[in-house]
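Look at the two complexes coming up: chain A is in both, with chain B in one and chain C in the other.
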Partner chain A sequence: MEKQSSKTAKKKKLMNHLTAYAFCAPWMIGFVCFTLFPIAFLFAVSLTNRKLNGVSRFIGLTNYVTMFQSATFWNSIRVTLFFTIVMMIVTTVWAVVMALLLNYRQRLNGLFQFCYFLPSVIPTVALAYTFRTIFGKEAGLLNGIISALTGKNVMINWLYDSRTVYLALFFITLFTYNTGQMMLIFRSGLNDVPRELYEACEIDGASPLKKFVGITLPMISPIILFNAVMGCISALNGSFALLYPLTGENGDPNGMSQVLSLLIYKEAFSNMKVGYACAMSVILFLIACCFGIGIFAISKKIVYYEN
Partner chain B sequence: MRRKKLWGLLFLTAAAVGMLAGCSTKGGETAGGAKKDGGQKVTIAVWNEPNKDDALNMYAQAEKATGIKVEVTVIPESDYSSKLNQMVSTGDNSADIYVIWENDIANFAKAKGIIPMDDYLKNSSVKTGDFIDAVSTLSAGLGGTYGLPWCAATELLFYNKDMFDAAGISYPDNNWSYEDYKSAAEKLTQKAADGTTKQYGCTLPNTQTWWAGIGGAGDQVYDPSKGQLVIGDGAVSFVSDVAAMAKNGVMPEPSSDTADLFASGKAAMSWQGSWNIGTYGSSLPFQWDIATIPTDKVKYNTLHTGFYSINAKSKNKDAAFKVIEYLMGEEGQAINSKSSGNPSAIKSIAEKGAWKVESATTIKNWDAMTDSLKAGVFGYTCLPSGVTNNAVSEFNAAVLGQKTPEEAVKKADAYARETIGY
Partner chain C sequence: MKSAKTKKRASRILVFIMKILVGIIMFSPIIWVITGSFKTLTEFTSSSGIFPQKETLENYKYIFYHSNYVLYVRNTVLLMAGTTAGTLISSSLVAYPLARMEFPGKNLIFSLIVGTMMIPNIALIVPQYIMFGKVGWLDSLLPMIVPAFFAYPYNVFLFRQFFRSIPKELDEAATMDGCSRIGIFFRVLIPLSKSTFTTIGVLSCVFWWNELTQPVFYINSDKWRTLTIALMTTFMYTSGNAFVINWPSIMAASTLMILPPMLLYLFGSRFLVEGIKTSGLKG
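Moving on to the complex of A and B:
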């Protein structure tokens, strides 16, 4: 009798497990087919000289050797690291500032939030082309406005001058979907900070800056961590859609904006070197992993969890 | 309960019918593209929209002449080459005819993505012995005739006659030297009181005409025997000239502006492809004409074409060749020339002058086209676009003063060596 009941319990447990696996199966199938297999395939192709027309031969680590000897590749790595770190900082800080402003209780708050978030809904490519027109030298809207305000014929070559290109590019990143999404997440995080903490501070006579540093920042630090990781991945993988229409596959001027995703595209689709591009993609994958691990390592020291 | 079952059965039947309908081919066609009614259909992949005027639409006329339905698949020019490469890679048979570019023909032949047409050509009316020399040279060494040139476009100097008249300068002719060009550009430049340029003497070279300047300055540009980019002193000299002219406001510096300064009446001269004759037609609000690219050390410009070729996976190869035969014939070539302004690559057809676009009424110097054809070579177009675009980007950096012309040329050359021959 006991044996039978234990058998039934085991069967029930097995059924429970199977049910759980069945629920997970659709996602697992998708993950294996559309994530795991492409990653494995990417590694395999990086060891061949595969061209875009399908011609392919195993060449071992030749792609990696060539890549590490290429000045273009090393320039792209420098640009990628710089662009990722600065973009992550700029977008995160901007999103926090916007969320704080929107968190003040005032009239028409919903309208402001809608207006701030609206550009984020525009597809990145369309946004980039719009800004390309705005930042034009001869017929750019921004130069036109500055000329009208100053009474001088201002012709700043925003996207081709090495002194202004980063300023223009990082300004544009403030209007991407990623920044808008961050702002909404910060806003909901700010709403969850207990009011009594602020009230206690006010009784103690703390300044707004002290309240922000002493209460707000620690309380939303897990959200900052989350947004920093997302911003970092978005900068690494998503910057292509923003930069390609703005500065082209060569990352003009003088390769200053040639992030790795642009170089991968150029090698695969303009030079038809798919194997070589896959080797670069492996490096991009490793950089993304390093950034993720690095951010989590730092976060252990600076992120505050209430529980 | 029974009603539920009935609804379930109905739903399943509808889903099954929907799936079957989704898997079927378009009305009246079989998988191979042949129509059920006995007629045939051929699909052609191109990068530009067919002419809207039926009389100037060579594909519509090919359909009438051959009785074969011709469907045109337009792939945007920026992605054209890479899309075709992917189609070859995956054995796609959705297009029976590819119009392929100079830098792809050898690779496609090697990958067996296209077939040699020699057997078809034995009994055909296509005048393969009458192609311009450059085309014959380009096709040599492939081990067969894998493509037939759909036209021979050249590069020309376009100029604004009204601006020349206002400045009291005589019009450019086909014997103009590069020095004549630079001198006229300076005279035609007009500056505002604050020193900014109101009217440029000439436009910045575009991704195509940079190579006309470099070839004219004495560099080989493309070595067909090695398939390599060959630039050196000529490139340094031309890049230095462009940088000096941009610095002096004679030509605009590289920027994100996309406006055509010549068409908008802000620049007096521009080096551009001959296909712009058809684009400008009678639409410009000023008098304009053409001349050959001014001669520096060598008279040089790059020829441009596309090659009609048959997809190796096509199930309609015979029909595809029939359509190509029409397009390469006298009528097809004449329609193409009238529509685009580009001459035929078949000498005897080009001589008849169908390329003299009727709407471009202000052009008097049509000899510029024939002279350009004689001087034209297949140069940078035989190289991967990533290499040539990278070089142009380097040249632009030198024009902006971000590096010296020597550094730019050296870097462009190094990248080409790293990339070509992969």
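Moving on to the complex of A and C:
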């Protein structure tokens, strides 16, 4: 009798496991077909001289040798690292600032959230074109404002001047989809910080800055980590959609904004060297891995977890 | 006591002023786009005034008469609906056992999901391009819609976070009433997760409405062109002169593209914050 009940319990457990796997099945199939296989395929194609029309021959590591000797490639690596890290920091900080402002309960908060979040739902292409006209040399909004304020006729081509291009680009990243999404996540995270902690702090007469550094920051540190990771990926991923309409596949001026994804697109579709583009994708893939591992390594030291 | 009160009041006003400043910075590009769409080409390229001197509807007429605008809208809506439906169904299914059940390999699967979240899509797009070319899906919406039915890691993650915040006792109560594991999912979790479904649905719609990278890689012909590509190609140049960028008509097309996400936001905003659960967020 007892043996039988343990047998049915076992059977039930097995059934439960099978149900769980059945629920996971869509992801497993997708993972194999759209992630694992493309990764393997990526490495394989990077060892050939495949052209866009499909003609390919095995050429060993030649693509990598050419790549490591190319100045364009190294420039692109520098730009990618710089762009990713700075964009991650700038957008995360801006998202925290907006979330903090919105979580301070006041009148018209709904309207403010609408204004803060709306830019992030603008299509990136539209955003890029908007800022091309705002930062434009002639009849640009920014030059117009500065001219009106200073009384001088300012004619700066913000996006094509090597001194201002980064300033302009990082300003634009504040309006991207990712920033808005981060802001929502931070708002939700800030709401979860227990009120009592602040009250206890207020009794001690702590300043707002002290409250922020002492309570808010450690309490939301897991969310900062999460957003930093997401920000990093979307900087690597989304930079194409932002920069392609903004500065073109050559990353004007002088390749200063030519991130790796733009170079991959250029090599694969303009120069039709798919094999070579794959070798670059391998590097992009490895950079993403390094960022992921790096962020987690740092986070182990500074992120505070409850319990 | 009084000074503390005035101090608090001063800080409230200060915060309010900062809110307005940030609001102006964030909203000014949108105003620029909308007012720009009513300017003539000559005015747009010669003056930096925000409001048009003489409003014109020419730009909107130009878009409708000089392109297959309705076709582009149809393509974009198809793309958006297909991917969003796909990801809502598949991602919630996958998230359920990860949030609620114990089974061997659970941690491995979850780590792999978090791991794949870190791989930028752009790194794998070239091999995927070749792959989809082999199955003959290029120049259609399939390379984007089909993968959506196999769960996006990020959405799985958001669903899992939300499911975990629903008390487990509800499951136990439902089991007592004779509900199976599958029944719990459909009768307990889904009805309680409306806000998450709305949030992820809204975010996904907005993402695909705005997506440029994948359509640029996968779509060539006018037949499947989405609005984002049309913005880069079709509306770009004036019909008479191929070298003059037709900015006001780009602004008009952009204005039309901003409207749907704006409405979607107004509809979904009350869910947006509560739908994202960050409690118990680890890595």
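To be clear about the criterion, the second predicted complex is superposed on the first by the 293 of 307 C-alpha atoms of A that agree within 3 Å, B and C clash if a C-alpha of one lies under 4 Å from a C-alpha of the other, contacts with A are read in each partner's own complex, and residues count from 1 in each chain.
Here, a contact is a pair of C-beta atoms (placed from the backbone, for glycine too) under 8 Å apart; a residue touches a chain by one contact, two chains touch by 3 or more.
Bear in mind the structure is a predicted one, so any value in this text is a computation, not a measurement.
Asker: Just checking: does A:G294 make contact with chain B only, chain C only, both, or neither of them? Give me first, second, both or neither.
Answerer: Neither partner.
Asker: Which partner does A:E138 reach: the first (chain B), the second (chain C), both, or neither?
Answerer: In the superposition, A:E138 contacts both chain B and chain C.
Asker: More residues of chain A are touched by which partner: chain B or chain C?
Answerer: For chain A, the partner with the higher number of touched residues is C.
Asker: Looking at A:P194, would you say it contacts chain B, chain C, both, or neither? Reply first, second, both or neither.
Answerer: It touches nothing on chain B or chain C.
Asker: Does the superposition put A:K266 against chain B (first), chain C (second), both, or neither?
Answerer: It touches chain B, and chain C stays clear.
Asker: So, A:S162: does it touch chain B (first), chain C (second), both, or neither?
Answerer: In the superposition, A:S162 touches chain B alone.
Asker: Let me check the overlay on chain A: which residues of chain A are in contact with chain B and also with chain C?
Answerer: Residues 54, 133, 138-140, 268, which sit in both footprints.
Asker: Of all residues in chain A, which touch chain B in the complex?
Answerer: Residues 49, 51-55, 66, 70-72, 132-133, 135-140, 152-153, 155, 157-162, 246, 248-250, 252-255, 266-273, 276 of chain A touch chain B in their complex.
Asker: Which of the residues in chain A end up touching chain C in this complex?
Answerer: Touch list, chain A to chain C: 16-17, 19-21, 23-24, 26-31, 33-35, 37-39, 41-42, 45, 50, 54, 97-98, 101-102, 104, 106, 110-119, 121-127, 129-131, 133-134, 138-141, 143-145, 147, 174-175, 177, 181, 184-185, 187-189, 191-192, 208, 222-223, 225-226, 229-230, 233, 236-238, 240-241, 244-245, 261, 264-265, 268, 274, 277-278, 281-282, 284-285, 288-289, 291-292, 296, 299, 305.
Asker: Which residues of chain C touch chain A in the complex?
Answerer: By the definition above, chain C touches chain A via 11-12, 15-16, 18-19, 22-23, 25-30, 32-33, 36, 44-50, 90, 93-94, 96-98, 101, 103-104, 106, 109, 112-113, 115-131, 133, 147, 149-151, 153-154, 156, 181-182, 185, 203, 206-207, 209-213, 216-217, 227-228, 231-232, 247, 250-251, 253-254, 257-258, 261-262, 264-266, 269, 272-274, 276-279, 281-283.
Asker: For the complex, give me every residue of chain B touching chain A.
Answerer: Going through chain B, the ones touching chain A are 79, 82, 85-86, 88-90, 107-108, 110-111, 113, 192, 194, 196, 252-259, 261, 266, 384-387, 389-390, 393-394, 396-397, 400, 402-403, 411, 414-415, 418-419, 422.
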